[in-house]
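Each of the next two complexes has chain A plus one other chain: chain B in the first, chain C in the second.
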Partner chain A sequence: MSNLDDTEFLEPATLAEALRFMADESTRAVPLAGGTDLMVQWEAGVRPPPSRVLNLKSLPELAELRAEGDTLIIGAGITHAALRRSPLVRKHAPALADAAATVGGAQIQALGTIGGSIGNASPAGDMAPSLLVANARAEVASIHGSRTIPLTQFLVGYRKLDLAADELIIRFHLDALPAEYCEGWRKLGPRAAQAISKVMGSYRGKQEGGKVASFAVALGSVAPTAIRLREVEQWVVGRKLNADTLREAEERASAEVKPIADIRSTAEYRQWVSGRLVRGFLEHLASAG
Partner chain B sequence: MSATVSSTYRNVGKGLPRRDGEEKVRGLAAYADDIPVPDGWHGWVVRSPVSRGRLKKLNFDPAFDWSRVCVVTPEDIPGENVVDMVGRDMPFIAHDWIQFKGEPIALVAAPTRALAREAASHITPEIEEQPAILTLREVVDQFQRDPKSLHEMVAQTISKGSVEQGFAEADVVVEGEYWSGHQEQLYIEPQGMVAFPEPDGGIFIQGSLQCPYYVAPELIVTLNLPLEKIRVKQTAVGGGFGGKEDFPTLIAGYCALLAMKCGKPVKIIFDRNQDILYTTKRHPSWVRHRTGLKRDGTITAMKVDFLLDGGAYTTLSPVVLYRGILHSTLGYKCPHVYVDGHVYRTNTFPNGAFRGFGAPQAIWALESHMDRCAHKLSMAPEAFRLHNALRLGDTTATGQTIAEAMGTPTVLENTLAHSQFVEKQKRCSRGDPKADCWYGIGLSFFAHGAGFTGDGESRLKAKAALDLEILHDGEPGINIRISSTEMGQGTFTIMPQIAADGLAIPLDRVCCPHPDTKYVPDSGPTVASRTTMIVGSTVFDAARKLKTQLEAYASETFFGGAPTELNNGLFKNTYTSVSLPFERVAKQLIAEKGPQRVYHQFQLPASLKWDQKTFKGDSYPSYSWGCNVAEVEVNPLTLEIKVLRITSTWDIGRVINPVLAKGQVEGGLTQALGYAVMEKMGIKNGVFDANRMQTYVVPTSMDVPEMDIHFVEYPYTHTALGAKGVGEVSMDGLAPSVANAVEAATGVRLTEIPITPEKLWEKLRETASSAI
Partner chain C sequence: MKTVIRTWIVNGKKYTVEFPPMRRLLDVIRETLGLKGTKEGCGEGECGACSILLNHEPVTSCLIAAGQVPDGAEILTIEGLELTHEGQELQRMYVAKGAAQCGFCIPGMLVASYAHVTGDHPDNSDAALREAHAGNICRCTGYAKIIEAVSAAAERLSHEDEDDDT
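Now for the complex of A and B:
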């Protein structure tokens, strides 16, 4: 049973105020948006309740969701429920909308945010692969200003981000899905809903003249962070999607991941099924193109 | 084909809504944590950090202020430091040997939960650690090399004919080994209990439990109190599934010991993490079958080794083993049977009661193996079963004759027809590398012994009482006094249905309050699918008795001695057209003579013969029967397994409430689905690795397949009502039907549940399947 009686709740009205809290060590706090990861961790004793919590819920700066030219901008405070329902996200990043629809259950989706999901830095976070195939950049800020980093660099390691102690995640910038491209999302969990992924992933690709013109694929729960499978991506471009290509792509993808065994699955199955997911994505691309 | 019982009852047989439904939906029901405990303290259990060893001493941090808390160690126990269950090997608080990680080594109470928890962290044991045995794998390895090196808790055999002769007569012998793991009950409401010290030195225990008359008598020797000074009252219970059968004695004991020492009421409510880590689970099992067969499909011999992982202490393991071995060959005729059952100790949390109680493990192995036998003979699985199924006049492994019409083989025939099993078999993919989707269909056929094993009911002597008194609404009516609890299965709904029909009075004149040992006789525990069958029939007979008494009183008082009958709530005498409502007569009776109580005691038919030593005779008063057909889809790309549809037929005797009966089946099948394909619990560092709902994965509504559920009614002929059990049979047999369907889909058989994509992948890789 978590005891939050001794925890101080800071309620900034603006982002600037929130960043001022974060700037000073004496007021620095654990940022909390939906709390769907943090509350569970405190409750289960994974980590003790912090002395201060910074409520991000009501910051208007984190609630943006708009398309700007070829870029889709998603505020860190946008909830999974909002993502799955947004026509804008459905149009410009459909694999992200699909991923949001498989996070937790309805209650988690209503509270949990994309910034929180990435901020939690779990390799099993369902939002990362769809962001990765859309070449997402994370924008972070402190009182000293903001900076924008490719998500591939932002996700440093297991539970590690390129985020300074005084910084907050503000928003994500995604390449909107270009015309004639398609996307897909697939999640393997231990049950049909409310599941933490064994392996999951997204792809974005394009076929032209019977050959792969572009292919981006990212998997989660197979390495310390969600990763892009660069080698298989490069190998498959320019090839016809025939049986031989599919088989070799599957093998290459499988070789490119380094999963571990945990309570949800075995390392061997994860390794094998990673290749199978990539094969499935290429089959999807072939049938869509 | 199906037997239907014509019913003249007004309430029995009707799908009446749950009596306790509204208060639960509205959040008004008071669970253990809702009981007001003014001036109460919170209890906490200090636990062993090692799996096995000798406890040297406990160190109490001198820097901590111990005056603010109450600590109980073995020296503080007023009676014996022993949990007085079937075995007496478990201490309440470890005092010498530690047998599992998490074993209680001290108890603490304090005005707040946080302080109790903090105090507990200032108690550190000195333990000389010893090697431990932690898993069933280790047990089975040792069993095959040197069984004497294992700590055996209990053993039992069943013997019929001569298996040597049976194998000599066989054309083919088929062998198989089957494994199952721990399963957590995962009731919605975690375990919780409060103990109030009474002014007379007694103790009043309230909480979430299935068996008030287990808790009270089992605490006598520990608390050193006579039974009448240990009062146990059941609160609203958010599910039990056997998890609140044996365990509540422990948590009640912790609260009582603390309350008796500190003089305050003491409450312990487990959070989910504690509840999963430190309560009983279903016994992991290893079952080896060796079966002799004639070419025509006739079974000539069945030899079974049946091993259970008991955990660290005996608890109810002997009884679980008995039910397990009795179900390990049940359902089929065979002249030569030998079953060798053992429970061995591992240094893990003691395993205990769970819906099915050994039968799901036995049936998982048996019904997987029957498919394997059919396959070996190139017979269709349904034809093999129909050829060997027990029928009227046949005898079981213990020599019990099927002496009355039962659902065998009707449930099987009925399910085959409803599921179109034979036609759909042709569609099975059997691992076809060219298929985009693998389809499979599988079968299981089984029985569940209704009520206690053997003559257990004769020794128990279940009693029920009915109180005719003024009810809460100021009008006369009946309070049913039984120790059977409502834990979601419908006791509080069906008992009034039964009592109202027994008395022939309106349903709203009958109440069934929560049991309180101060007011109710011992009707036995709420376990073994016995509540409707045994206690229900006892309530019915008590109601008939009371009806006769009321009729006599009405005749004498209102009708000048003329024969009088109570029907539809009205007393009528044979000679006049005058009728008097039940309320009028009852009110006058109560005013004149005070509230009236009638008792009735259950009796097994004298014809039932059972020898507990040799395991020969009538192993159960009767049997419920079930048949599942599971249809599955396996994705060849990922090996994800989806159970699409379950078609099933059940013989549970007379169906008292068809809506609740169907609810029991749907719930049982869902729990069985988790057991079959999802629920996985290993041992890591001596404790359960899945210790939260995040890691212990059970089905959600999104996983539940379409269910097509049918009942055929073959009433038990030795009670007036004819009900048999429904609670457990639905949990018993799904796993093998899914394994059989997965084999039909993929071409490979899995012999360990849960059946997961990971295991399927390993198996397909072993067989060098070209499909993956």
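Now for the complex of A and C:
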């Protein structure tokens, strides 16, 4: 016996069929992709067994991964394993490929999906920062049609998304990395693998003649959602990549984040690490020129 | 209690099984198929003891609703792995290097090793071998002997590839 034996298992063959299930309250179900978060919570009884589960694994519409002009399109069902080994992702969003390579171990990477990671709406989700620096948009759909929302607005708060009960996350649209730009990803956890992040982040930037020409930076686990550090970004653009700039950017980043203390870390440590990460990203940018 | 019927290729043989769709793949492998080599450690996807290969990718079978595994899927468990050439080479090196102690993690560990040595262009540096086994926890060995064993097996297997080319 398992406590999920009475859960109804819905197996749509197409996205349209899946959206019809979601449209009607009598058939609405919990969408299940890789299962790396949900299966654990159900089995442990942390979450009550759901009445219905909607299997997303079989939907071809969620499995696309392609570049279209200056946009990289990633289906919600793409796994971390597929992200880390995709030459397209490596080329157009390298910080996302790097982030995917640090989620769990190989077994978790083969199961977990980018849509599930964002859909889980945890501030500790490792996919969000790299998506944020690529100005990602989330595309969601219901039987009434689809809409595309900037990820900054889609991530509403702790465990909260701008997602209606009848909608599913379909894909993400990212600005492909422009020529002469570079990216980086850093994650701090208690050990190198299988660890939930204490603080993690990504940047995308460009330098010209020793000055910061463009800089986007996003951190996770420092606020209810992953966030862009807009104040640091604005302050640093146009400045010389020298010791004074690095020091002040570090201080400003520490001041800009408002993390909490929890079982994984303290607020003070997270603030300090946030500053160090931003400094590290600027050093990376300086050496990339 | 509703059930589904699936036909899978398990360790090279066709099996048709019936089970409640939200049962964990781990339970279907152990209880329905009767293949007890795959172990349950944590049941949370942390320890890797339940690792199997699903369509050639290593996965933790405790996290998969078995109904999500479609007809025609290929499953390789420790029982099938030991019938393969690479699996036997890994087994020999695990024994030779003393990589197994209590043995509970070893079926899952060997699955991770097998996935690595049979992958496209495996990188056999120490760092890459450690990363390939990062999803598997062992409380006995301290990992060094396991990594030595996989390294030795990978070395022997790569020389065979060279022989094939000549």
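In this text, the second predicted complex is superposed on the first by the 287 of 289 C-alpha atoms of A that agree within 3 Å, B and C clash if a C-alpha of one lies under 4 Å from a C-alpha of the other, contacts with A are read in each partner's own complex, and residues count from 1 in each chain.
Just so we're on the same page, contacts are C-beta pairs under 8 Å (C-beta built on N, C-alpha and C of every residue); 3 or more make two chains touch, one makes a residue touch a chain.
These numbers were taken from a predicted model, which means no experiment stands behind them.
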| item | value |
| --- | --- |
| Chain B versus chain C as contact partner of A:Ile149, first or second or both or neither | neither |
| First (chain B), second (chain C), both or neither touched by A:Ile108 | second |
| Chain B versus chain C as contact partner of A:Leu4, first or second or both or neither | second |
| First (chain B), second (chain C), both or neither touched by A:Asn55 | second |
| Partner chain(s) touched by A:Val40 [first = chain B, second = chain C, both, neither] | both |
| Which superposed partner A:Arg279 touches (first chain B, second chain C, both, neither) | first |
| Chain B/chain C common contact set on chain A | 40, 44, 105, 192-194 |
| For the chain B and chain A complex, residues of the former touching the latter | 113-114, 271, 273, 637-640, 642, 678, 680, 682, 689-690, 692, 694-695, 697-700, 702-703, 757-758, 761-762, 772 |
| Residue ranges of chain A touching chain C (in the complex, touch as defined) | 2, 4-9, 11, 32, 34-36, 39-40, 43-44, 53, 55, 57-58, 81, 104-108, 110-111, 192-194 |
| Interface residues, chain C side, partner chain A - complex | 1-2, 4, 20-24, 27, 43-46, 48, 51, 54, 57-60, 62-65, 67-68, 70, 112, 115, 131-137 |
| Residue numbers on chain A that touch chain B, as the complex places them | 1, 3, 40, 44-45, 105, 188, 190-196, 263-266, 268-269, 272-273, 276-277, 279-280 |
